[in-house]
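Quick one: the structure is below, questions incoming.
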Amino acid sequence: MGFWSKFLKLDRRWVFLMIGLSVLIPLVARISMPTAVTPPVQNLFDAVDAIEPDGKPLMLAFDFAPDTEPELMPMATAILRHCFAKGIKVILYGGLYPQGAGMAQLALEEVTAEYDAESGIDYVFLGYVPGAGAVVLSMGEDIKGTFGRDYYGVRLDSLPMLNGVRNYDDIPLVVDISGSSVPILWVLYAGARYGQEVGVGTTAVSAAQYYPFLQTGQFAGMLGGLKGAAEYEKLNEDAGVRQIRKRASIGMGSQSIAHILMIALIVLGNIGYFVTVRKGRNA
Amino acid sequence: MLSLRSPIPALLVCLLLSTPVFLQAQETEIPDPPPPPRNVVARDNPDDGGHAVMVTWDLSEDDFEGGRVRGYAIHRSVDGEEYEYVGYVGKGTSEFRDTREVLGNVPYYYKVLARSRNHGDSEFSAPSAPAISRAQVFHMGRLNAAIATVLFISLILYYVRSARRGKELFIRRIAGLDAVDEAVGRATEMGKPILFVPGLSTMSDVATIAAINILGPVAKKVAEYDSSIIVPNRNPIVATVTREVVKGAYVEAGRPDAFNEDSVFFITTSQFAYTAAVDGIMVREKPATNLFLGMFWAESLILAETGAATGAIQIAGTDAVAQLPFFVTACDYTIIGEELYAASAYLSREPRLLGSLKAQDWGKVLILFFVVAGTVLGLMKIEFLSNLFNV
Amino acid sequence: MNISTNVWVWIASGFTLCIYSFLYGDNPFYRFAEYLFVGVSVGWAMAVVWYNSVIPKIWTPLAENNQYWVVLPCLLGVLVFSLFTKKQSWLVRWPIAFVMGASAGIAVPVDFQGYIFEQLQGSMLTVLNVSNAVAFIGVVTTLLYFYFSKEHKGVFGRFAGVGIWFIMVAFGASFGYTVMARISLLIGRMQFLLHDWLGIIE
Amino acid sequence: MGILMMVQFFIPHPLSTRLYRAVLDSMIIIGVFMLVFAWRSLAYFHINRIRRRTEHWWYSYLTFTGWIVTAALGIGLGIGAGTPHQLIFNHILIPLQATMFSLLAFYIASAAFRAFKARNLEAGLLLVAAVVVMLGRVPIGQMIYSRLPEVVEWIMMYPNMAAQRGILLGVGLGMISTALKIIMGIERGYLGGGD
């Protein structure tokens, strides 16, 4: 057995160990990397920035679950910080699936620890109602009617921030944060049907699929993966938004090293493959 | 005067006086508000159930990149005298849809002013002529979607009907499918089984249905070649369906006795436990061919990796776009997206599958025509074709 | 070093380590975490549905707002349970047909607008440059690849062949992004262990 | 039903809107019942495991314990900030689910090494594009070649977008035709049992 074929039969636990270390070491050694801002992120930032302070609210939909939390939560907190720092009102919407409300709650806890924001005045938190697409459509008719009460059980009619907010006409931008195909639901139902402007924050997996919608303007902007969140954090920083912990930016060093390792593995694997195949042919 | 004698009220007065003065001082330092927008027009918002008025205006002369205008505030009146604030839009926008408690059959007047960040507000524009909101019965803006829907329905009905009447509808060969025959033959030669994974989703998934349509002919071939097939399932309902399908295929091949009841089975609904179990089967049984057809999620790469390591010929097909890259790199043949549906129609020859596939092909021809024609016209700056598809 | 004193953080990190133990091989720790996970997530969702839909959508309209039409969809919903019986299980077709029919009806025009019209409009060029031309060729050839009524031969076959190249580049991009996503997740968990639990890093 | 909802889209009249709202609410309500049914199936599955003493059967008790305790705490004590419900979510559900999926990072690495081969020209092209994108989307790529992020953005915006759009148009047609077939009663597979 030659070197390459032995190499290819390496116990995969060694590979597991390598990946683990490639993430761990840069985190502990605090290797940081500069981040360049890409147009889709800039566009989303600008769209949020254009919302009038103390005017109509931005809607931030949390359509993600813990499995994508590490990528998507930094986006949510970065956007929330941006809004609270500028005095932009926010409707946090727990999203179309049950677990989203928990994520929204977490994001609020983190950001309200840094900014004085009060429920009903600076933000409103809407919970989960089953029905997915039906709920998105329903909000186009009447938001208060769809939910009735906020996440804490307070009647929406009694919240000052929602005075004059009836449906999508009163929401300049919806940003949907999701790792699934939910943003398409927003584009189709809120966007196509009600003309709502929609932005998206999504996982790196889904990002590639959303470029067609970006190009047509169906999405106002997009944050893709941890890198997208790090870019937003950078824009926040440039705009003077106070952020205590820039979680996404910190992770960029590990991300770089792990990618390099991954590429090295693919290249080595392929070299091994061609060498062994050729040997197999000659023999 | 009395109040000034004691220090506290005096302080209060000072404060009260100084605050607005101070604020005003900051604002009046840079007066020079932008010019107001012009030509404000209000009319009934089209295509709605009433309760909305569309207001449009010409942008303020100072509304450009770097200009002073930050946005526009829209004010409304029912009598042309008392105006109330109804909404705000950002700069560069010249229309506003007023839906704030708009009543039907009441005339509304509108005025718009431009706002700036540091230069105060402009004067009001001249008021618009009155507009009355009414409900419409048909949404003219959606006429295009209505026409497309009707057209597509007729296409489907026509082709499904002609397929039912037994008309031959041509479908091109699918590369991965041809490999199935070869793979079944190889399995027989080697005396090893074929593994068929019908995806991890439920019966309501189109991909699962497509996979089962492919399973039938494959199982039949296996029966004819006297080879064997293993079908592990993640969904109990899918398991009962696949069992019936495989059994039926053996009967059709004239070898009902050769069907092994234990070859089609349900494992568990847990995603990763199922994956681990299928991995185990691949390692132990070393199937000659692995077919992964249907809906897959994150487990796709784990399955394909293990299969590749066992040296089996692997054919995968799914409409889960995010998983296709892993199948392409780790499998020998991959049936991509829509090809899976085409493959199921190709093999099953079911009229409703064939018919709708044909209708979809015509849809693609129409799309291609519009894309090409629209581009040719668009490059000549004629945009009427493109405008047909406004939503 | 700033180790967490929060008992919940300890629980969370305990579970995290239980799951990672699977990398070495299947073991009781992993199974413990896995089975508990299934139960907890269902129980959690139950409470959410109770407060966010049973109460506001069924209880409140019936008991407080006198909207008795709500009874109708409830009856339809109850038919779902006909699946428990062998003989009456066909009744389940009513609620399913209602939901499927209604959502299909809502979807069709919306799909036309969102998937077809806007994408179509976006594909029509108005400015000619290299990038736009690449995009144009990409859309056309990809569509041709998925045209099933003609064999991939001759000129048509060559076009469809270009289409598959475009598809592969797109898959490559999506592959890259997927790798990125999984690593980000791993980073997230590592940050949790090192920052929230052990307090070693910032 | 479907035809009704389809026609509704084209009619903006208030009456049509009111009907539409009622249908939407009904869908939400039926959704609740379907969820209940799904839960029952899961319970049934685990009860069976315990009865039949399948391998690792006693772990099913764990599932039930988790289930009952969480549901009781949630319904009994309410949901929202500071409740046990929220704590369980933050400290049990999140770590478990996130960790499950982060395992995939390890598996991709192992698959990258052993399975992702340039078997043919197409797969080769795929891998090259993947490597470029992976490099271009992290800061280190920018250090290697300063314009790499732009290159990747171009790939995403043009060739990738074009292919995705082509696939999307096809998928869109497919979804529409499935929906239409359901409305017209041609497609009944979703009712179970086939036709």
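Letters are used for the chains, namely A, B, C and D, taken in the order the chains are written, and counting of residues starts over at 1 for each.
Assume contacts are C-beta pairs under 8 Å (C-beta built on N, C-alpha and C of every residue); 3 or more make two chains touch, one makes a residue touch a chain.
Keep in mind that this is a model prediction, so the values were computed, not measured.
More C-beta pairs touch across the C-D interface than across any other pair of chains. Centroids built from CA atoms put chain B at 18 Å from chain A. Computed from the mean C-alpha positions, the centre of chain B lies at a distance of 13 Å from the centre of chain D. Inter-chain spacing, taken between the CA centroids of chain C and chain D, is 2 Å.
Residue numbers of chain A whose C-beta contacts span two or more other chains: 16, 19-20, 23, 67-70, 99, 101, 129-131, 134, 137, 153, 192-193, 204-209, 212, 215, 225, 227, 255, 258-259, 262. Counting partner chains per residue, chain C has residues 23, 34, 38, 44-45, 48-49, 51, 53, 57, 103, 106-116, 118-123, 135-136, 139-140, 143, 146, 167-168, 170-175, 177-180, 183, 185-186, 188-189 touching two or more of them.
In chain D, the residues that reach two or more other chains under the touch definition are 6, 9-10, 17, 25, 27-28, 31-32, 35, 42, 78-79, 89-90, 93-98, 100-102, 104-106, 108, 110, 112, 114-118, 122-123, 126-127, 130-131, 134, 137-138, 156-157, 160-161, 164-165, 167-171, 173, 176, 178, 180, 190, 192. If touching chains are joined by edges, the resulting network of the protein chains shown connects every chain directly with every other. Across the interface of their complex, chain A is touched by residues 23-24, 44-45, 48-49, 51-53, 56-57, 60, 103, 106-107, 110-111, 113-115, 118-119, 121-122, 135, 170, 173-174, 177-181, 183-191, 194, 200-202 of chain C. Partner chain D is touched in their complex by these residues of chain B: 47-51, 135-139, 142-143, 145-146, 149, 152-153, 156-157, 160, 203-204, 206, 209, 237, 241, 269, 272, 298, 301-302, 304-305, 308-309, 319, 321, 325-326, 328-330, 332, 337-338, 341, 352, 356, 359-360, 363-364, 367.
By the touch criterion stated above, chain C contacts chain B in their complex at residues 26, 34, 38, 108-109, 112-114, 116-118, 120-121, 123-126, 128, 136, 139-140, 143-144, 146-152, 167-168, 171-172, 174-175, 178.
Listing the residues of chain A that touch chain D in their complex gives 8, 10, 12, 15-16, 18-20, 23, 33-36, 38-39, 65-70, 99, 101-102, 105-106, 108-109, 129-131, 134-135, 137-138, 141-142, 145, 151-153, 193, 204, 207-209, 211-212, 214-215, 225, 227, 252-253, 255-263, 265-270, 273.
Contact residues on chain A toward chain C in their complex (touch as defined above): 13, 16, 19-20, 23-24, 27-28, 30, 67-71, 73, 98-99, 101, 127-131, 133-134, 137, 147-149, 153, 179, 184, 187-189, 191-193, 203-209, 212, 215-216, 218, 224-227, 245, 247, 250-251, 254-255, 258-259, 262.
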